[in-house]
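Shared chain: subunit A. Partners: subunit B in the first complex, subunit C in the second.
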Partner chain A sequence: MRKRPQFYRKGTGMIDATSNNRSNRNGLSRRTALKGIGAAAGLMAGPGFVRYAGAQTSAPIRIGFQAHRTGIGAAYGRWYERTTNAAVKAINAAGGINGRPLEIVVEDDGTDPKRGAEVVEKFANQHKVDLVFGTLFSHVVVGSAPTAGELKMPYYVVSEGYHVASGKLNRYVVQPGITDVRSQVTSMAPWVSSNLGRKATMIFPDYAFGHDHRDFFTAAMKAQGAEVIAQVAIPPTESSFTRYFPQIPRETEVLYHVMVGPAVLTFVKELGEFYGSNRPEIFGFIDSLEAVDMASPGLEFLEGTYFWEGMPRYLQADVGDAERAYRDAVGIDENGASKDDPQDVSTAAHMFGCWETLYVIKAAMEAVDYKGPQDRAKVIEATEAMTEFPAGLEHPQGRKIFNGKIHQCFGHQNISLVKDGRLEVIHRTAIEDGMYQPEADYTSMSF
Partner chain B sequence: MADKTAMRSLLLHVAVIGVLLALNFVLPEYHRGVFSRILVLAVFAMGYNLLFGYCGLLSLGHAMFFAAGLYGAGLTVYHLDWGVAAGFAAGIMAGATLALAIGLLALRTTGVAFMIVTLMFSQVFYLTTLYFTTWTRGEEGLVLRQDVRQLGLGGVSLDLSDPATRYFVALALFAVVLFATLAIARAPLGRVLVAIRENEERTRMLGYDVFANKLAAVVLSGLFCAAAGAAYALLFGYVGSSFAAIQYSILPLLWVLLGGAATTLGPLVGTLFMFYVIDIASGFTSAYMLVVGVALIVLVLFFPRGIVGAIRERWLPWLP
Partner chain C sequence: MALAVRIGRRLSLSWQGGLAASLVMAVSTQPALAHAAERGFVLLLPTGHYRLGGALAVLASFLLLAFVPPRALAEQARRALVVGRCRADGRVTASLLAFLWLVFLILTGWFGSPDPLSNPLPLFFWSIFWIGLTIAQGLIGNLWAWLNPWTSPHSLFVRATGWRTPFAWALNRLGYWPALAGFFAFAWFELVYPAPDDPRRLALVVGTYWLFTFFAMLVFGPKWLARGECISVFLSFVSRMAPLACDTGRATGTTLSLRWPGARLVEKGLPFSGALFVLFALAAVSFDGLMHTFTWFGLNGLNPLEFPGRSAVIGVNSIGLLVFFTLLAVVFFLAVDVGERLAGGTVSTAEAAGRLVLTLVPIALAYHFAHYLGALLVSGQYALAAISDPFATGLDLFGTADMPIVAAVTSGADAAWIVWNLQAAAIVAGHILAVAVAHVAAYERERDARHAVVSQLPLALLMVAYTVFGLWLLSTPSVA
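Moving on, here comes the complex of A and B:
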């Protein structure tokens, strides 16, 4: 069966894994040997190779990337893949992992949990990767986690779901590169209640994703002495929202929305028609509008409203060197769109998680001097032992605190104002704003 | 002659089970895992085939029966700490009960109306699983831990997450449902169902209770699908609402059409074929569903009765 195409980058030291299986199969003629010696000498002289030469083995470390290439997560998946490519290129240019090049094997999970589990099985038993990473959508993570656990395959997800930190998965599932929804929502409440209003109404989709926002934000507002005065749940099959808006109480000071899916443009348009110019403060999660151009017709109503962003989409005036270098490596312009196609808007608020997760994997593998699949459990233990990721090129979104017991990181969050059709960061939360009492301890579980 | 045909088809089915048994020992690890899933999903397809292939009732809501088994087993094991056997029984009972209730209502309609009614009921079931997140975690779903997926059997505990055990359990379920389907197809019930499919009015005129026979088909079909759903939850450890969504009502229809409606082995062949088309095509292009679509069109054009149906039509008329 044909393998997935590998990421091959000239000059970065990446190697096509298929070439590794052919050595000595047909014996070694003198001519072949001479050719090989000559080629090896040429490679040794070339840039990039010297760094690998001292390693015990130069075989690539192979990481399975569970990608949402198709299905509802395709827009996210496209940018997760680009960010992963960029991180692999950067890691390999700097010498790889323990001197070994990093190679990504991609499989499309169709954003489907059943296929996700099959893909994890394929990574483990057919591609023989060293670990699996990169999944975003929660249902794919939860659907794949049992298979990863059974196959004892480290599974580094970039999902922002609370599923990992809840302790409901298993010891092989880790989320070190992006904060979880509970942390994100909780950290918003202090600023929202202090600056936008103390009486909030929530509009959310009536399923688990929306219910998490409902439950965590309601509790967080209460902890601030503020309150959620109404919760408007929108059925998942709904394509028009006007009839739900009368449920918003008049005394609402801030409207919290987290609608997702293709109907979000309709939602914003109808909300604008409902309120006109006399509206409460509005706060939302950018999840609704990831990969959507803020200048899209119908989004004018969002001018002057606020959004959570994991990492800023638009280049900010005070951008640091690490963030600038990350953006250049991924290939996004000052508007957060592809440098090759300004219409192709990125999922900037989330995709940095792939970049940062790969650097955590690199650190964990180097900490245990990773040799092969027999060291997989050690990689998990090394990750669990981590406590902090300093801000810098490896963590361009910012410093993070990692709790090894719940396999979850905590970090800063951004609150941005829509101004002139751009998102401008006006507040950055403290890491402590999003911390909560852990409810699990994966380290007490056996491998 | 009839006895000879019956013996020949029985031997064929025994041989198929024998080959599947042997495959456990020769298949590479990845493909053994794939076959475990395919055997469970083929049970789902066989359940669908009973109603669609033999009785001629095209349902667009069979995901609800699969999901009823999935949740019947999953929720009792997850929340009530039931054992695997009790959970499996709960899943089957949930599916059969739901099928009885849906059958009593939906069988008042026929044709396109039956499709729409089953689709709507299935959507209600799907939205219900999404809504009660406290119990189901909706689209995110629940994980059944490895330590609860242990089947006690005569003092021995079988770990359902072990690849070999999982394969044998999936094969055992497949074998039971395969022979049950064969028995039904040969029994008076199966012949009446085919008669209803071919000419409902004539069957009624001959004195058969068409409604009761159709209801029996719906319940048996729902029961088989629920058994597949319950087995999926217990063998693979995941319970989520995506299995109740519309695509899981369409998939068994495609599997049956590909393999051959009203053939006992068609559902297995169709499920196997479609899995590998997706698995292989996705290695070449992200437009792999286009490849599936083209494969479907080609099959419909050249093998309108499906793969096994075409074999029966052209070469082996005795195939059940």
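Moving on, here comes the complex of A and C:
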């Protein structure tokens, strides 16, 4: 009997390449990436497989996934991991990178900046990965970036923070798979001011996250000739909001909210009690309710209000083939929840960034014919040289423009209406709506 | 407009790799804590009514007990219904298997996946063992007497080498102090240390602790487990509230009997160090809830919405754990002291406290269940998956390696309602049982019904307050 093809996975042992994908009825398990590698290896061993045969080495490309497995980012981290596994599986099934399969090494950073830096160091010295990817929470990115720079380790983050584009990090930190918050907020102003109202009041948590929204949106509204007439800052530890609502001026035409944390449902409920049926237009960032079912009791008041979404959570009527394929690969149903568990609502507005970032990494590595760690700087240079990512299976959220000087991509944003407990996309911004004048140039920094 | 991101220097952290100190900066644009999920829904429930109802239920139980003749209760507490006997004493075999299992888990921790949700060691240690076995001890009985990984290796070693314990006599003098110190270290590692889930570090800690305990048993004898080893001490206290008692002796074999829940908590008192041990056990699990609340963050000037991670709160939470324990101990001893004075008791406060302190065990177990229920339900699934592929080599030993993890089992409005009610029921039931056990314990000491009621007044009030505190911990805004 012919021996079943096997593939050696560095450091972890043998994988049965022929093991079928029995569990993945719908979603993806934590081991899917691993199986993808096995499947790719199976192809490699089979006769007549040309792509891999041409590769000089078949050793896997190891990517360190700095994951929020524990700590406050764990709910996001779970979906980042699922999306990552789905992308790795798809990439490996199509031949990997330069004929080499992708292997993901997961390390938990505890959503903790200090541990984040330790994890990057571990990836470099212990796991010997080719690059590091996947970080979401901004403080972990900012805490880990100096280490990535010191170790000359490419660090592809998916955090939507403005810190990359601001120029405050270093040449090894790139954010090509998700737009930054400045761009997101700025791009909302044209539509909001033309369709919901020209006099806006903002309610936001009183710390950096809320302040960014306050500053970027206020400036963007002004640029539209509209006005933010009041800014209501809520202390972060607040759990009841009714006493702040009288600060909202009566002439407010649109209320912009970015409340976050466990009390957000209470916020919505109390806002509903405050306004009843006679309310201004309401616009918010889905960050508030990411991973929360919009049809949950208590959220009825949001019916008829609007949200920013990076990528639509609910399956839209006009969904394209690429987006549908992406959703199927990640394993989310028409409500954006896990196909295995309808209660498990995904972080759809953000997690696509993992998928798209991995495809950018693939393109950059292939562009420089990546051989090993000695080519790390070349990968960064290749990424910097990119200018556009066309929409398609590799970029299911849509076309992106990439600015190599600030290491940041720009893309379309969605504005969705809450209708029957679902989010329905009613406007898609132009990429230009979210463009701003770059304030940095990483390419002038040395490696 | 100047759009420089607001990056302020917050914490200066030293970098262990010899690299220059890196600065962790407080940053803007942190993705929202979308995880409004469970606690967000609980916040919408009428939890204030639950707190009031819980307090009234515990108070009513105390008042009701005042009218029940305590002698009848005490007699009931002594009743044991033997349900099974067998000659065999399987403890050595069971312990050997547990030891081998532990060795296997340590190996997976060291050589397996670095991902704490794929590696069997952190999943089995923190979820199945620490959460699950503790609950099982309280419901079923002292499984740990069979499943601890030391009894068998120690007895085999002694038999093989003829080892004679040099300092067995010293154990009694040590009281429960070593166990208390050990339990503080354990709780600190669990609650404060930045990476208790990291498989390799956990493997190192567990392996070292196993060796330490093994040597302590060689030095002080096997009784070290009953007095000096914190996990065994804690689990044996917890098992005393179980309705099932399993007594095993070399001569008598194994006897299985049914008891009233909590009945064995009144059997014997504890020395001062033992009383502190029980108080610390309750303090640790309570502090685990407290340190995640927005209130705690606010008290310490931290923003819960941009929690800087465990490594930033090591000092605050280390001190917090100690202070909380001290406060609880002071309040408990005061309550006992005032009660004794009111009732004109004849024993010292320390002795009375030693008798009464085990009545806190049901509360500690109720907190344990309530706080860790969600974690057990989710991590338990990860554990099942991980054990099929223990070294992350692609194996699927039990067909569970690719099972879909229902991570949202506690999410959503319906689940939050169910979980909250289970938690509230556990907290209230734990306190009611504690009140009842304290009543019997007080009577057993003085054999005086009036004394039993009067001496318990301050303690009953403490338990009412602790019920409210416990329900508040589970319903106040907190960081996941």
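In the analysis below, the second predicted complex is superposed on the first by the 396 of 447 C-alpha atoms of A that agree within 3 Å, B and C clash if a C-alpha of one lies under 4 Å from a C-alpha of the other, contacts with A are read in each partner's own complex, and residues count from 1 in each chain.
The rule is simple: contacts are C-beta pairs under 8 Å (C-beta built on N, C-alpha and C of every residue); 3 or more make two chains touch, one makes a residue touch a chain.
Quick caveat: nothing in here was measured; it's all calculated off a predicted structure.
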Side-by-side fit of subunit B and subunit C on subunit A, or clash: clash
Subunit A residues touched by each partner, larger count belonging to subunit B or subunit C: C
Contacts of A:D328 with subunit B and subunit C, given as first, second, both or neither: neither
Partner chain in contact with A:E290 - subunit B first, subunit C second, else both or neither: second
Touched partner set for A:F209, first subunit B, second subunit C, both or neither: both
Partner chain(s) touched by A:K168 [first = subunit B, second = subunit C, both, neither]: both
Touched partner set for A:K114, first subunit B, second subunit C, both or neither: both
Which of subunit B and subunit C A:T347 touches, first, second, both or neither: second
First, second, both or neither for A:H139, with subunit B first and subunit C second: both
First, second, both or neither for A:E273, with subunit B first and subunit C second: neither
Common interface positions of subunit A, toward subunit B and toward subunit C: 69-70, 107-108, 112-114, 117-118, 121-122, 125, 138-139, 142-143, 146-147, 150, 161, 163, 168, 207-209, 211, 236-237
Residues of subunit A defined as touching subunit B within the complex: 1-4, 69-70, 107-108, 112-114, 117-118, 121-122, 124-126, 138-139, 142-143, 145-147, 149-150, 161, 163, 168-170, 206-209, 211, 235-237
Footprint of subunit A on subunit C - complex, ascending: 1, 3-7, 11, 13, 15-17, 19-20, 22-37, 39-41, 43-44, 113-118, 194-195, 197-198, 294-295, 297-298, 303-312, 385, 389, 391-394, 396, 401-409, 411-413, 415, 476-480
Contacting residues of subunit B [partner subunit A, same complex]: 28-30, 33-34, 37, 123, 127, 130-131, 133, 137-146, 161, 236-238, 240-243, 279-280, 282-284, 286, 288-289
In the complex, subunit A residues that touch subunit C: 9, 12-16, 19, 22-27, 29-32, 34-35, 38, 67, 69-76, 78, 105-108, 110-115, 117-118, 121-122, 125, 127, 136-143, 146-147, 150, 159-163, 166, 168, 180-182, 205, 207-209, 211-212, 215-216, 219, 236-237, 239, 258, 260-266, 269, 285, 287-293, 296-298, 338, 340-341, 343-345, 347, 350, 436, 439
